[in-house]
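Think of it as A, B, C and D in the order they're written, each chain with its own count starting at 1.
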Amino acid sequence: MFDLPLFLNSSLLSIGVFHFFAAMITIVSLLVVVSQHPVKSAVFLVVDLFLLAGLYASMDSHFIAAIQILVYAGAIVVLFLFVIMLLNLKADSIKGLRFSAPEAAALLISFIGFLIMTFNVFRGQAPEGIKGGFSIEAIDANGGNTYMVAMRLLTTYIWPFELASMLILLAIVAAIVIAKKDKILKSLIQKELR
Amino acid sequence: MGLTMNEFTVQFIATLLKFAVIAGLCINIPPIMVWAERRVPAFMQRRKGPNRVGIFKWRLYGLLQSAADAVKLIFKEEVVPEGAAKAFYHIAPVFSVFPAIMVAMAIPYGPDIQLFGYTIPLSVIRVDVGFLFIFAISSLAVYGVTIAGWASNNKYSLLGALRASAQMISYEIPLGMSLIPIVLLYGSLDLNTIVIAQSQIWKWGVVLSPISFCLFVIAMFAETNRAPFDLAEAEGELVAGFHTEYTSAKFAAFFLAEYVSMFVLSCLAATVFFGGWQIPFFDIRSLDVLIGIPGVSGLVGFGVLFVKAAFFMWLYVWVRWTIPRFRYDQLMSLGWKFMIPIGLLNVVVTAIVLAVIRF
Amino acid sequence: MNVYIPVLIALGFGVALGSILSGLAHFMGPRNPRPEKNDPYECGVPKVTGATEKMSVKFYLTAILFILFDIETIFLYLWAKAFPQLGWFGVIEVMVFMTILVVGYIYVVKRGALEWD
Amino acid sequence: MVPVEHYFVLATVMFFLGICGALFRRNLIMVLMSIELMLNAVNLVFIAAGRGNSSLDGQIMVVFVITVAACEAAVGLAMVIALFRKYGTVNTDFLRILRG
């Protein structure tokens, strides 16, 4: 809608925004993992996803920010909350952490990966990717982020798009088969027992 | 990028002013609607309704009853139920209120106005994703309901919350689907562009896509948990639904959220299907030049939109006192087995007809 | 990024308003709690069972179907936005997409996952 | 402009927290939530890298990742419910007994 004045539009502001979001996301992610009650974790997860959407928006990925809130925060976590309430789960104690050998190894490996990543970043050795023609200015000039994502998705990525519908179909069928008590089968078994 | 400090200051101050006006509106909508919800049925049932409270001899048809109620609610005792999850119990109203307020900022309340040489849009939030922003933020309103019900440690609250949230998410899909033909027709997600495209009465959304309008109105009632879909607070079975255990100003917060989201959906319906701030056969934007006062078009546009939205608000009350409550299974099968197939068919038919005409 | 400054203002105000209302309830009114008063409301009867009884699996099935149809709606919005440029190609593409999902929908209905009894 | 690498570090931190959650929480639902956290870390990398290379493909990948995440949550939670019905618990320590 309007642009910031020059002294604010410098990299200073975006760096500040990033660090704010980064700190918040780290704290809230930690809370998601360590909260004892699953409902608390789910609520922190919502906050985390909301903050991530803010980060995406600050990177001019408007559409992704919107569906992050719409699908992730607004739908997937609702499902988590419903299941927690459905199963009537209680807080579990965090005391007595289990440390089996494979888990410790996995933790160690992921921690080493984390260190390598951080080390590379501070040496400035991130791999250079292929430059595409979609800079933020080019996207804005060609009809905005949503439109460009739509065009790219529905022309270049047509097969993944159609396959996504197959995936959703499979998920629908699988979820119902697994979760729904089959009344027909049940009545058949009861008949047999009689 | 190349803007001066001066322009930024003007736009920032303008944003704050617009924000203050709309926020003030949002806070004042609930008392007025509560008053309307007592006076309108009184009128329908040939009663008087509240007409006593007033200042000295001016009674204003009992309008101040709502103000008195608000003050009373604030000074009531708060009763936190035994065994409630305290933090969540206190934070649930916040989760309920903020989506409603945020969404209200995304409606275009008038045309872009020219003031002191600056173009000032009359909606506070205008983002690239257009009205998907409204859907995204309003989908967060489920958490207020769910957390409130869960944190109260009361089985009526929990059941009411589950019912309400299942209903809200079920009707979010028809609500979203009913607006896809609008995007196809006007080719934009931006609400202001959609309004500008509806300059004549035969270009209105309700004329071009009446099925969308019907779906939207039904989904709108269900989305705000209003009669005939107020299963969440069916007092005969669930006491008061998810806010059974809420008293004083927290109860008022849930009321505020409900009425503000009603107002926003009314505005959205008016914007998308009834031409928003436009009136047929006359371009409001030319008023600035005609009268000679800059910014008058914005006021007139705001008035026009408000009248249209008031119609939908009145429809809410009218329907509430006319149609009996649905059963929960009826509600769910209406949403899933009737509105979703019709919505999909509506999209398909609109797309094919448009493709035949245009390509 | 600058278009989100109003969003931040709105978010701040919304959270502040909610907190103020919540806080007013907490600090303004009188407080004299009694055990009977603090009992969860059960129409005056002492409570028999806790609030956390098991809920119907129906709610959960509804939520699952909601997610999947929500994603479908998102894809349809993307297509609707690009509809003028894609033309018939886009229409056919989306018809295929929707046909596959309608198969899923029909399965759901036939299987009775949407029946509330 | 924040360098892309800073986003990568944030994503790595999130991913690491997700791994910790998935490994050390006993509750299956918590494990699934940690997996969502990890998926989000990956999304962040996609978006940051896509912006750094002025490419749109990162955002499109995220659209598909979100689709997959939704399907994963739906099926995964269906399995949790089925397990709960059969064994009455979602604690991984108890479910460990099932192994071989």
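To be clear about the criterion, a residue touches a chain if its C-beta (ideal position, glycine included) is under 8 Å from a C-beta of that chain, and two chains touch if they have at least 3 such contacts.
Only a predicted model underlies this, so the values are computations on that prediction, with no experimental measurement involved.
*Asks:* Sort out for me whether A-C or C-D is joined by the greater number of C-beta contact pairs.
*Replies:* Higher contact count goes to A-C.
*Asks:* By C-alpha centroid distance to the whole-protein centroid, which chain wins?
*Replies:* C
*Asks:* Round to the nearest whole Å and give the separation of the Cα centres of chain C and chain D.
*Replies:* Chain C and chain D have C-alpha centres separated by 21 Å.
*Asks:* Indicate the whole-number Å distance between the mean C-alpha point of chain B and the mean C-alpha point of chain D.
*Replies:* 34
*Asks:* Suppose each chain is reduced to the average of its Cα coordinates; what separation in Å results between chain B and chain C?
*Replies:* 16
*Asks:* Chain A: which residues touch two or more other chains?
*Replies:* 1-4, 9, 14, 60, 63, 67, 70-71, 74-76, 78-79, 82-83, 85-87, 145-146, 149, 153, 164, 168, 171-172, 175-176, 179, 181
*Asks:* Would you mind listing the residues of chain C that make contact with two or more other chains?
*Replies:* 3-4, 6-7, 52-53, 55, 57, 59-60, 63-68, 70-71, 74, 81, 98, 105
*Asks:* So which stretches of chain D touch two or more other chains?
*Replies:* 63, 66-67, 70-71, 73-74, 77-78, 81
*Asks:* Can you name every chain pair that touches?
*Replies:* So, checking each combination of chains, I get A-B, A-C, A-D, B-C, C-D as the touching pairs.
*Asks:* Which of the residues in chain A come into contact with chain C in the complex?
*Replies:* So the residues of chain A in touch with chain C come to 1-4, 9, 14, 17, 54, 57-58, 60, 63, 67, 70-71, 74-76, 78-79, 82-83, 85-88, 146-147, 149-151, 153-155, 158, 161-162, 164-166, 168-169, 171-173, 175-176, 179-181, 183.
*Asks:* Can you list the residues on chain B that touch chain C in the complex?
*Replies:* 12, 15-16, 19, 23, 27, 74-83, 90-91, 93-102, 105, 124-128, 132, 152-159, 162, 166, 169-170, 172-173, 176-177, 180, 183-184, 187-189, 239, 244-245, 247-253, 256, 328-329, 332-333, 336-337, 340-341, 344, 347-348, 351-352, 354-355, 358-359
*Asks:* Residue numbers of chain A touching chain D in their complex, please.
*Replies:* So the residues of chain A in touch with chain D come to 11, 14-15, 18, 22, 25-26, 29-30, 32-33, 38, 41-42, 45, 48-49, 52, 55-56, 59-61, 63-64, 67-68, 71-72, 75-76, 79-80, 83-84, 86-87, 89, 92, 97-98, 103, 106-107, 110-111, 113-114, 117-118, 120-121, 124, 126, 129-136, 138-139, 145, 148-149, 152-153, 157, 160, 164, 167-168, 170-172, 174-176, 178-179, 181.
*Asks:* Please name which positions on chain B make contact with chain A in the complex.
*Replies:* 1-5, 7-9, 11-12, 15, 85, 88, 121, 126-130, 132-133, 135-137, 139-140, 142-143, 146-147, 150, 158, 162, 165, 169, 172, 189
*Asks:* In their shared complex, at which residues does chain A touch chain B?
*Replies:* 1-9, 37, 39-40, 43, 46, 50, 62-63, 65-67, 69-70, 73-75, 78, 81-82, 85, 144-146
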